[in-house]
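Letters are used for the chains, namely A, B and C, taken in the order the chains are written, and counting of residues starts over at 1 for each.
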């Protein structure tokens, strides 16, 4: 399964410097690679390793190649982004090596006669596909996946075991959904129907029907145990190439803009719009009905309660320090208004004395 | 499937003003509704739309109706809570339109001969029901649901795909449990059995058996991927009409009072009691062994470490601001005690000078 | 199923004081136990209950036994850790009472012919075991569990319903994994391949293949809906006897040291190393690429952004207070640098006056 540099350049671009017919069959770090392996230089501080590596070839950026003393006897694929190139080649070798699951429907799967499944799709054991669902070309549904009524899973999407997609949703081409994720559960909406106050309060919560769906764009990845609720009326929308980590919660009628990345354990309340190219840190919480501009970065563990309409980095998290130190100082946050008043009083006294006494 | 205003008033109450025989077949906003649709006025600021709407009828509160110029040629159902009325009617139309799953047990489901399943229940594909479990009238268990030994699922409850309920639990009538939720997993309890300190510490954690169950009351809704642990000895209890969002964690032996609402990503440690009619915001954390009074509100992202014995709103969260601004100021929290001492010293100096110098 | 004190001492150690032939068939608190039950004294403040209990025998520490007035007619098992002893005996009675699931593979399970399943294993309904997987002696895989290609589940491990373990992972002996947990999902890694800034930014995220696995040590317990990602190259590692609560997220290439305990809703970003015997509180967030020493304690809701290289307790969380009080004071955190400057200015003024004016 070794490929020539020429083969790689034809697939992924880049200029070859050296012998285009050199064959590589895998990837390795510069200091560990052998003559049958491809290495890459992503960080210029390892440039000296390029001079001593035994790798069959090296992925390198033009600026770094220019700094090299001698290229004698070495082979390169020159590309502006060696790290992304590495990722693509690594995936290619995995795809070439992986046992291909044969197309078709496992006999233990339950597919409604009114569902439509492409012949090239791979439907695993115990999968359930309800009426009206459409499963595209080369889709992989792993064991125990459930696809609800009328839901579309588009070409080349891959749903790992135990994923649930409710009715009336759409998963875009090449999307990846990891195990335990739930797409299309009911949004959290209840109308209060109570009378009286305090202990005299009686009545109930009335469920607001959630009849929108979820639309997931192309090339989205959704982490394990992440949940994305269906909209109340219109759809919840995740645009193309959004990458969402594990244990993330996205409320009904949110829209997440293309290329945005959301790290693990973040939670986004309903009807919030997040722009394109945003980065939402781990365990960030974002209130409902707010808007984040394109290119907003929220650092880990911060809370967003209002719209952030300008690009930039936002924070509200404290880093842990010694418990004793924290308890001595942080408790005073509750009394900051009193500290401010004491400063104001001091300023007044000192000013008065200055004007009156001299 | 159109219904007259008379039909609706008979089901849901309200007084009809206008033609009781007008038929409506769906709902729409005031400014979009047509003559076959019902609209509603929940917010008085849209009152003028009632004068121009083409809706067949409008749900309206008595006070708002009184403010209307002319009712000429218009039809109303007058009700104190048009929003809750809307929600109930919307659910009715959905129920009338939805394809009814036929009662019975899907042939791929595995039902233990010692389990008891009502004839009107709908048991989906690949469901597993263990010995001694009892499934009530009209219960819906969707694909891949697992119900453990001796667990009761009471009438009209609906468990979405991939829900797991462990043994010895009870789910009340009309409860809704969304996909990925886990009810009755072991509480987190271990007895330390270690000797020695620091690097010399040896021994192990001994699991405390968790032999209580979980009792979920009537009309409870539980979100996707929410987890509720079984009690150590007595049950973990979720009282009637509690509404729990996605990704919430409730520890062993908690009790959550009736009508309380818990937003997504909240976590409640073991043996904590939450009162009735509380509102727990998203990503709130509540320590173990504390008590929250009835009518307590905790705002999103706050942490509760002690009992809150009075009704009211509680907070400990900071909203995100520009990263630079935050770093300049928030880092000083660690030194608040020193700032307080400097203020105290200044006060002493100024006071001494005042008494000594003038 | 009653056992003599002698039987218990032979299994679990301890010295018998009194009649070794007394039989007990269960456990109960001191004030509720009858003559056929075993009670335990874990907290010395209940010592007086030992004098009045009707329990058949009492688990007690040597120091507490010494304080007792009379042992006349009473029976004891004396052990340094009565609570841990209680937990072990409780588990024993449960194991004796529980209906043993018969060994074997349920006919609805799908086991690849190239997988290897021990004859003593209990494989539940709708379980899926892929090629090359190895299931050890007495392993229990409950309903709907999915075990990927080449994954090993070692002896006496118990995976509850709806657990997913991806390919190429290892679960150690006696491990317990609760429902909804996902082991071995892809780590969250993407190479940015963009050009241009702001609105002119074009390109995409390139997925970094995640080809490491997850190694879970012996006696680990993993809570419901917890997710542990596979490593990018090397494995993510959870060492022996680590106890992890529900809804925890552990990123790729983390290592969690032996005997460490992680409470619910905690999140640990990738490539972080946590020492042995640590305690990570509920909803704690830990950044990627940091190191926590052995014996580090992080209190609930705190955030860790840097390495903590000394044992001890660390904190960054605020407890909730009245919303009004919080809003009045906490908002000032954003202006702490200005408060500090005002104090500095006051100090300068006062000092100048002291030296110049008197």
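Criterion: a residue touches a chain if its C-beta (ideal position, glycine included) is under 8 Å from a C-beta of that chain, and two chains touch if they have at least 3 such contacts.
Here the structure is a predicted model, which is why all the values come from computation and not from measurement.
Q: Quick one: do these chains touch in a line, a ring, a star, all-to-all (complete), or other?
A: Complete.
Q: Between copies chain A and chain C, are the contact residues mostly the same numbers or mostly different, with half as the line?
A: different
Q: How big is the gap, in whole Å, between where the Cα atoms of chain A centre and where those of chain C centre?
A: The computed centroid separation for chain A versus chain C comes out at 26 Å.
Q: What are the residues of chain B that contact at least two other chains?
A: Residues 108, 126, 144, 162, 180, 225, 247, 265, 283, 318, 321, 326, 330, 333, 336, 339, 343, 346, 350 of chain B each touch two or more of the other chains.
Q: Once bound in the complex, which stretches of chain B touch chain A?
A: 80-81, 83-84, 86-88, 90-91, 94, 99, 106, 108, 124-126, 142-144, 160-162, 176, 178-180, 219, 221, 223-225, 241, 243, 245-247, 259, 261, 263-265, 277, 282-283, 294-295, 300-301, 311, 317-324, 326-327, 330, 333-340, 343, 346-347, 350, 354, 358
Q: Okay, in this complex, where on chain C does chain A touch?
A: 108, 110, 126, 128, 131, 144, 146, 148-149, 162, 164, 166, 180-182, 185-186, 188, 190-195, 198-199, 201, 204-209, 211, 225, 227, 229, 247, 249, 251, 265, 267, 269, 283, 285, 287, 297-299, 302-306, 308, 312-316, 318, 321, 325-326, 328-330, 332-333, 336, 339, 342-343, 346, 349-350, 353, 357
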